[in-house]
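In the part that follows, the structures are each spelled out as structure tokens.
Presented sequentially are two complexes of subunit A, the first with subunit B as partner and the second with subunit C.
Presenting the complex of A and B:
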């Protein structure tokens, strides 16, 4: 009987924790549905949930389909709505196209006239001057403010096609906020603190914004977290995301199993997927790899390169019919030489 | 969406003798520990070099415990 909750997580030497974890996750997995879309509560942040999200994590896809972030302001301003709103304004991306009513382009002379939308301009608190200075960061463009709500952009490309491409890019150019953040919402927690939830993730740039709790941003993009927060943060992210998705689906799997998956995925210091391109494909034993997928490929390669199998794992021993080195199979019996001699003497007497 | 977590646990660089004792305690050579790249942001913060051991204080539903990672070249 376990004494405390911490004790209940202790495990006997030789326990096949991996197999137990696989079964504990696999069984509820068969009952999960393939329904993926879900809006979390009242906030309009859309993320992938359910089995598709689990697959996204264990396959270690480079980008989640719906990246989201949760940005916390620093302690001193976390209850100040105006200050948080200031951060929010710096986060949500505003493109040139959402600030204009219409535009006129003349490809022959290479001029683009942008008619700014005054209502939108006052909503985002920008002037034609700031927009123009933002646009002129692209050095190949000549930007001038014609009237208070008209901006003229000149560009002379070698071909008409090049001019056209540049103009399309200009209209899609980032004016305010962080690139890739499609939408951001300010949410208030029960304790009165504010957090900003975003659709789209860009840790690198959001980390640099003043007033943001730099090391406490939550992003569901594990490769971004790996790059800017490190492997341990990525491991925590994988475990937390798996746990949350499973909980949302109405199942409860003990954290010990989920964390084992996360630990296996991050063992090498980078994120490996579960499967033949990752954890299973990196196994040392030829038999274990061949037993999983692409049997012939592994056997031919092994014979060509003269690979050796030390028969230490589980599946290779099952394959050849040897006792596996787990549980009681882990224990080897040894006897001292003098004891053996004594027993033999005793037996000889009888 | 999940309640905000602090994703980054505390990392601590171990001295050579501490690393040796840890390896002895678990009965495995240092390079059999889980790895962390020397280019990892947390390893860089500690200025860790390949061959050193980093102790990580983890706190999760299974309790509070120390996890170790061996620094390797990226």
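Presenting the complex of A and C:
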């Protein structure tokens, strides 16, 4: 029976945790296939999975290919479908283009006639008035409601091209919801609570919506999480996302290895990628960097700045042929100076 | 599609349109069968594109089928009789429109029946034989329908590697490498294709008595246990030939190579002993025993660079030794020597060396069912298991190698081989030529009639103790190949040896007596384990350890002046240097960095 003491989980001093983590992740990684989409079940929210997603995280790409959010309502309304639906309505983005049947534009006079779709209007619970007021937020436009389902927009630009651009922008204008949220679905959990899952991520605006539990929003966009929730949240996100992908592929890798990767990526306070432009490129040792990629570049730069290699890392010491400072190589025999002198004297006598 | 015109393509070029493509294709076929068009024309109607493709170009793989007309095979009983009596032949049937060749495209239009009784109204063609669906190599295999598909390509690969009688004129041939089995045998179980290809004229294996059993753990994981008595009687014994070719090359400037016993003054002289087996013409004689390092063909070449003139005029012309020596780790007897000339009138020599290869631990064997193994133990006959009749197996195969590979053909061959050996018959193992149960019954009866178990099981007695094994053991005769992969050509060891000039690291590869690479991933494994001293030993002590003098003042690499007995720093001409143990690769790296116009300095610190 294993002792349930914390000590039994501690890592021995000098253990090469990084190498072990790399091997533990790398070995099953070779078996992963490179196909990105396999239908992720019932939920219509599409995300990158498998190896492409791992690369996305590890390379610290600025934006995931398919950003996704999971929005939880606050405790008091989490089982109230109507209220949750109210939040949902505020989240999913509705563009002008999806509310109209067709439109007529006259570039000479600078008028745009929008024929609204009544069915769509009632689905999203908007009237021509509310739509018009949304559009008139753009001050350069003169918006008027002609009939209950026709809106007239007037704009006279300096050039026809400018007018045309403005009209296209008007048709693509955001009327309802949060910008960037392409799609949102309400899912019910087993305990009866509702969750909104979205395609597209915009933490900044979603966390301000009334009824949203801002301490429980989940987004898979790590730079957004870093911006609004800080580096610790980003670290947890990286580790959890990696763990999730690996689990989905049917491999089991100890969380300690994965969290070490997340730690290595985030301990500086920003997210660094694993590779030339991140963790490997930021190494202290010139030799270690030169051994990895772009050898000559690192040596010439080192000569320009007069860099010194302290020979502390593993690859430098292997290169020059010294014992490495890990594992058995980290322990050294120490002796007091006076003791040494005494022994030497004794030896000399003999 | 109706109403649209159907495009017709001849060899990929559009030549026109027709109204009804299908009818047009049938018309073309009819003309081909009646002999109006050449039999090499193939036509296909492609419904999806509403196109007709006519192909008459070369390079199409085609296959023969019997034509079926109106649900009746054109190959009537009458024709079959005539065929049997050799009144008519295959070409007659082609001319008469009984058999025709289809290419890949026309095959898409055909509905082929596998057997005559499976012909339906839709059927257009009939297979000549179900086994004809296989290619050349696959049709040689026996009982393929009982084996897992994945095993067939493996088995075919092994069949290629099997040693045997590869050519009758082997004695007149100078193949670079050749393997010749001492007593090749025709397999007991063969297929129609095997016989019609006349492969029994140059077989590549032998019939082994195989017991499916364990043997004290010596045949785990595809290891094989063999009987020493069988090997001593010549089982699996083969000859290995290697030819060493050489020629008297001509060089610019009128110089050329010469086949001679090199004089001791040649550059790179290998020592008197190495040339001792050469005759006066510089070439070795047949039936001479040779070992590693012996020169087979003595040859001197002109020097690579033109020499400077000495004060005495042009000096005596020096020559360079360019002799051919026997490969490292090999030995044998010179089998024959061939002298000839090329079309350019340069002399060529080919020396063929032969060596007998007796099966030994590490040699590879395989059956015809993709079951390969490596000999792990050769047991003295008295220690081998034996039956009540005194039959001792030649080979013991581990039963674990059968179930998950699903090579039941191997087991059926064991059974039929045994029945065949007992009844002096040659069973047929052609694909789809019989049904499993009937075959089992047939062979079972052949065995039980002769007093054996009908499933091929036998009680064996342990040769070591004399006690009978508790369970019966499946034993029979299986055709095995001795594959061309033999340890004696591959075995290599090194503790010390040659190093590369550039890096001072050990060389790579067997011909250079090299070491095995301790690569990046192996390095990671030791780092991960924390075995720092073992790692240092691999990467430094056993590799490119170098002692270098480093200047304590300027940090540059110096040298030791053995005349003045002091270390010298060439950069500041000082003598304040320290001997440091580093990898030569690092010294090389420092040199290369210097070549980039960067001055690296090594700071020393005592530990």
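Quick note on the criterion: the second predicted complex is superposed on the first by the 327 of 350 C-alpha atoms of A that agree within 3 Å, B and C clash if a C-alpha of one lies under 4 Å from a C-alpha of the other, contacts with A are read in each partner's own complex, and residues count from 1 in each chain.
Keep in mind that, in the parts below, a contact is a pair of C-beta atoms (placed from the backbone, for glycine too) under 8 Å apart; a residue touches a chain by one contact, two chains touch by 3 or more.
Keep in mind it's a predicted model, so treat the numbers as computed, not measured.
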Query: With subunit A superposed, do subunit B and subunit C clash or fit?
result: fit
- request: Figure out whether A:23 sits in contact with subunit B (first) or subunit C (second), or with both, or with neither.
  value: second
- request: Using the touch definition from the top, say if A:130 reaches subunit B (first), subunit C (second), both or neither.
  value: neither
Query: With the two structures laid over each other on chain A, which partner does A:228 touch: subunit B (first), subunit C (second), both, or neither?
result: first
Query: How many degrees apart are subunit B and subunit C as seen from subunit A, counting from C-alpha centres and rounding to the nearest 10?
result: 110
Task: Identify the partner contact of A:263: answer first if only subunit B is touched, second if only subunit C is, both if each is, neither if none is.
output: first
Greater subunit A contact set [subunit C / subunit B]: B
- prompt: Once the shared chain is lined up, is A:80 touching subunit B (first), subunit C (second), both, or neither of them?
  reply: neither
Field: Touching partner for A:218 - first (subunit B), second (subunit C), both, neither
entry: first
Message: In the superposition on the shared chain, how near does any CA atom of subunit B get to one of subunit C? Answer in angstrom.
response: 20
- prompt: Which residues of subunit A touch subunit C in the complex?
  reply: 14-16, 19-20, 22-23, 296, 299-300, 302-303, 308, 314, 318-330
Message: Can you tell me which positions in subunit B touch subunit A when the two form their complex?
response: 1-2, 4-9, 11, 34-37, 40-43, 56, 58, 60-63, 67, 69, 72
Query: For subunit C, which residues are in contact with subunit A within the complex?
result: 523-525, 527-533, 535-536, 539-540, 544-545, 581-583, 585-586, 589, 593, 596, 598-599, 603
Field: Footprint of subunit B on subunit A - complex, ascending
entry: 5-6, 9, 40, 43, 45, 47, 68, 70, 72, 195, 197, 215-216, 218, 225, 227-233, 236-237, 239-241, 244, 255-256, 259, 263, 266-270
